[in-house]
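Listed after this line are the structures, all set down as structure tokens.
Look for chain A in each of the two complexes below; its partner is chain B in the first and chain C in the second.
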Partner chain A sequence: MSAHRLYFANQARWSGWELAFWLAWVVAFFIPQSNLALLSQILIWGLFAVSMDLLLGYRGLPSFGQAAFFGIGAYTAGYLSKFGWTEPISGLLVSGAVAGVVGLAAGRVVRGLHGVALLMVTLGLNSLLYDFVQRSTELTGGDDGLPGVGFAPVLGLFKFDMIGRTGYLYTLVACFVIFLLLRALVRSPYGLALLGARDNPRRMQMLGAPIDRDLTLVMGLSAAVAGMAGALLTQTTQFVAPEVLSFQRSADVLVILVIGGAGFLYGGFIGALAFIFLRDLFAALNPIYWYFWIGLLLVLTVTFFRRGLLPALADLWGHRRKPVAVDAKHPKSQEVAP
Partner chain B sequence: MSIALTMLFNGLTYGVLLFVMAVGLSVTMGMMNFANLAHVSLAMLGGYLTITAMDHLGVSFLVSLPLAFLGTMAFSWVLERLVLRHFYGTDDLTQVLLTIGLLFMSVSTVAYIWGPSFKPITMPAVLTGQMPVMGLSLERYRLFLLAIGIALALALVFGLERTRFGAMVRACVDNRRAASGCGLNIQRIFALTFAIGGGLAGLGGALAANLLTLDPNFPLRYLIYMLIVVSVGGMGSVAGTLLASVVIGIGDVVGKYYVPQAGGIMIYLVTVVIMLVRPQGLLGRPA
Partner chain C sequence: MTAATVLQTVGLTKAFGGLCIFKGVDFSLQAGERHAIIGPNGAGKSTFVHLVSGLLKPTSGSIRLMGQDVSRATPQQRVRAGLGRTFQINTLFPSLSPLQSIALALCERDGLTAPSLRALARRVDLLDEAAALLARFGLAADGERPTGLLAYGKQRVLEMALALSLKPRVLLLDEPAAGLTTAQGHELFDLLTELAGETSVLFIEHDMALVFGYAQRVTVLGGGALLAQGTPDDIRADPVVRKAYLGH
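Our next item is the complex of A and B:
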């Protein structure tokens, strides 16, 4: 076997940690008292954060507008069901496709930008969409949510039930399948090209890599994943309101990813677990001041574990994986010393 | 016609408020390349300081304004020396996340100290009511704001263009490395500039306490406006920030009056278009 084939074969190998991670979600289903609705929420947040990871961790692009794609997916799923297309799996795929196409367009628009300008344009586009959806009450129901959302049983067999058993399994399977595809993607030559463009775009250009085209494509892919996460939320809760598009959600997903660690796909899920559990814990301790602790957590994370909680713990245990994410501390690679 | 002119005037004074709150952020971003989202928390702090000074020290609103400026300036100086200066070399995202974290903490801390509800402020009689100006009936407080805004803008331009310290600041904005090579004490200039910028934000917050609702969620509501003003104007450019503040202020007030159903859409649209056409902002230098 040639060297590069060996490399990719090596990359594709599953480690025990990864298997244990996914098995834990299956086990959680069978634990009698587990709160499946909450766990579904965590999986959805996790998948959403993974979409951000594709953009930020692998391509080094920060965005304040990721919730726009999440919301587009969520509303597409909602409208499909409102107009009679209640089959969930095809609804999920269509929602992802719609969000993906919008993502491609957005990627085409922003590809000349970086740094503050990029953050501002993504923030502006996100706020634009949010304001529009929130104010078009006849069209979207405004803050009361879209009326008439409901879904047919999954595969025609499993109805979405009150305690969320179907919803949980459906979300878990969807997340796992999407994750498998992304895992293959980031370990492919395309994934390597993204990392290269993240770390040194100028050099990648000199090597003849089409970094502009790659960027548009990765925005589209990331948007499609975010859109499917949004569709999962609509389908499992049978509800969609403008909150899915809010700037707060865009900021929260960044926080989740950074807490979990960017650049190795699992960071999104770990961050979502930590974020949602801590949020519930702090909110139960004190409903008014809980955001203080989230803020402190964020400050401590960027100060002491810049690469995220999990990589920091892995360092501690000496189990440092040889990750693709060599250095999640993206240097300002665009900058050249004067 | 008189309604249109009054709207224009109200938008202009709203823009002045945005300018006073944001100008410090623009200069520090241009100078140190440091994205400090918690700048808007400093504005909130100024607002609360002015209310506290009036309630507990019994001073009038006009006396409380310089107190708010000095108090916020001292706080900014400590914040810069203790925390922020350790993050100057890091990437944009680290800075954004760090300062968003600080912003979250400020929201809860202010709610803890001053209570979660809206704080009203009592104005002296001189600054309340209307006043006829060239056939229009304008609010006295807004006229006062306009006067302060003009005075501050002139003072800033004079300070930056005509004083020794201003020349040092401009040198640092233009080329930090060369300025340092010429023997300027970069760290001290940074600290002082940051403190003055923070103090101005505090003053802006104190001035805003009467017009915009002052409650612990103030930073979350006005962060987006402040970021828009700074990036549309061009980082590091005082004139650009002034221009952007006035454009955004007028656009927001006039837009919400005539097309209420569009809400903030106008502002966001303008921002997106300007950032796409000129990523460095209206008067910013090309990156």
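Our next item is the complex of A and C:
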């Protein structure tokens, strides 16, 4: 295979790390002491952070309102079940679709915005929705949560059990399938166009690129993934309350992504692992001041590993194997045959 | 020179508030022509390129590209009508490699960037074309490194390669040799002459050696208005130009 074809093929190829990553989740299921409920939480946070990664890591758009889409998905799944649609898989897909449509609409609204203006508008939209849901107690149950949420067994066979075995496997399979689709998406020409628009929208314009269309679509896709993460939370915990829409959640998902590393898809999961484990650990030490330590972790990560934990780990590994320079990652390319 | 006009502006005017910075310029570019725009700083050269490429909207006047009125068209519509341009300051994709950048340009040209699950790696014809194009611009050895790490001169070449990869009918070059040494500037223009093919080229340039060496026609702008137009020899001899611009 000629050098340039190999170069592009390598970018699409599965690495041993990726396989090991997903296998570890399967192994965790069989370890008797595993806290499956906690691991499900981590997967859901991870998937939510991946939705943020699509927006921030790939398209370069920051948002303080991602929880709005998570919450829309969570409540859609809740309402579907309340009104008798308890089949989880279709419920998951419908929740993603509803959040995705709202995301497309939001994409139209924020199209011309950048930087701080974008942060403020997404924050504003998120706050509007949160207040509405929290205050509409007759409609949503307010802080007590939506009453009457429950789900049918997955595929009609596996009931959601108390220790969360079904919930964990269901979440893992859903996350993996969604991840596979996103992985393919970011390696398609569309993924490259997102990176191009992140790096330089003006050049993209002069290549004739439909950057407005691409932006609206990525908002929709990102919202759909966030919505499915929210639906997974409702389905595995059989509970949904306004907290799913809170600004705190929007902020946390950014923290998770930045700690893990944006622009790799895996950074979201790595960040969620670090964040949730540490949150549990610190909350056990001191249930009131645990965010102090998360804050410290964020400061240290951004100070010392600007691009997040995952790239830092990858660099470290690369150095150990090939103790040359950073440029070892980009060996002198061979003469390219036309 | 053929008689076919590929780009024409009539009474093209741009005002910001009450300040008129570009005043009723009539201009035309012929098919296959190499046309230089010169003028002192603030003459409106870059404004002209922005107006033609659609990054600025004209206050009045019209722009015709390949016979089509594009005065109100978006930059993207003008690109599809056959326009390409480069920027005075490198406008590249720093984190993408040159191979990826050119592949992206070709994907946009072919309209392949709608969301899909098909890997770019499987479009081998397009990748072969990207690699071949890069090789013709002498960038084959740098194809896989992030563009942001390339030497400035190579980034300048990539800037032109990106614009030419779309095979535009009209190419606008905004100071392509800006920041290059004299030798590098000549190399860049040699490359342009070799690879532009049938593309009509309109370029802004300050280096008079490059202007008089490569242009078939020259337009002189001053204070947002057209001062003179003609062959390099006409321009060199024009007393108005000598006084206003060349300064001797």
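A few points about this structure:
Everything below uses one rule, namely that the second predicted complex is superposed on the first by the 308 of 338 C-alpha atoms of A that agree within 3 Å, B and C clash if a C-alpha of one lies under 4 Å from a C-alpha of the other, contacts with A are read in each partner's own complex, and residues count from 1 in each chain.
The rule is simple: contacts are C-beta pairs under 8 Å (C-beta built on N, C-alpha and C of every residue); 3 or more make two chains touch, one makes a residue touch a chain.
Everything numeric in this text was worked out from a predicted model, so none of it was measured.
Legend: residue contacts after superposition of the two complexes on their common chain; A:T303 is shown touching chain B, with no touch to chain C. In the superposed model, A:N35 makes contact with neither chain B nor chain C. When the shared chain is aligned, no partner comes close enough to touch A:Q238: not chain B, not chain C. Once the two complexes are overlaid on the shared chain, A:P62 sits against chain B while remaining clear of chain C. By the document's definition of touching, neither partner reaches A:T86: not chain B, not chain C. Judged by the touch definition given at the top, the superposed model places A:L123 against chain B, while chain C stays out of reach. Legend: residue contacts after superposition of the two complexes on their common chain; A:D214 is shown touching chain C, with no touch to chain B.
When both complexes are overlaid on chain A, the residue A:D131 reaches chain B alone and has no touch with chain C. In the superposition on chain A, the residues of chain A contacted by chain B and by chain C overlap at 330, 332, 338. Considering their complex, residues 29, 35, 90-94, 96-98, 100-109, 111-112, 116, 175, 177, 224, 227-228, 231, 235, 261-265, 268-269, 271-272, 275-276, 279-280, 287 of chain B touch chain A.
On the chain A side of its complex with chain B, the touching residues are 56, 62, 109-110, 112-113, 115-117, 119-121, 123-125, 127-128, 131-132, 135, 247, 251, 254-255, 258, 288-292, 294-299, 301-303, 306, 329-332, 338. On the chain C side of its complex with chain A, the touching residues are 53, 55, 74-76, 79-80, 84-85, 87, 91-97, 99-101, 103-105, 107-109, 112-121, 123-124, 127-128, 130-132, 134-136, 140-146, 162-163, 166.
Residues of chain A touching chain C in their complex: 2-5, 7-9, 11-12, 181, 184-185, 187-193, 195-196, 199-200, 202-210, 214, 217, 221, 330, 332-333, 335-338.
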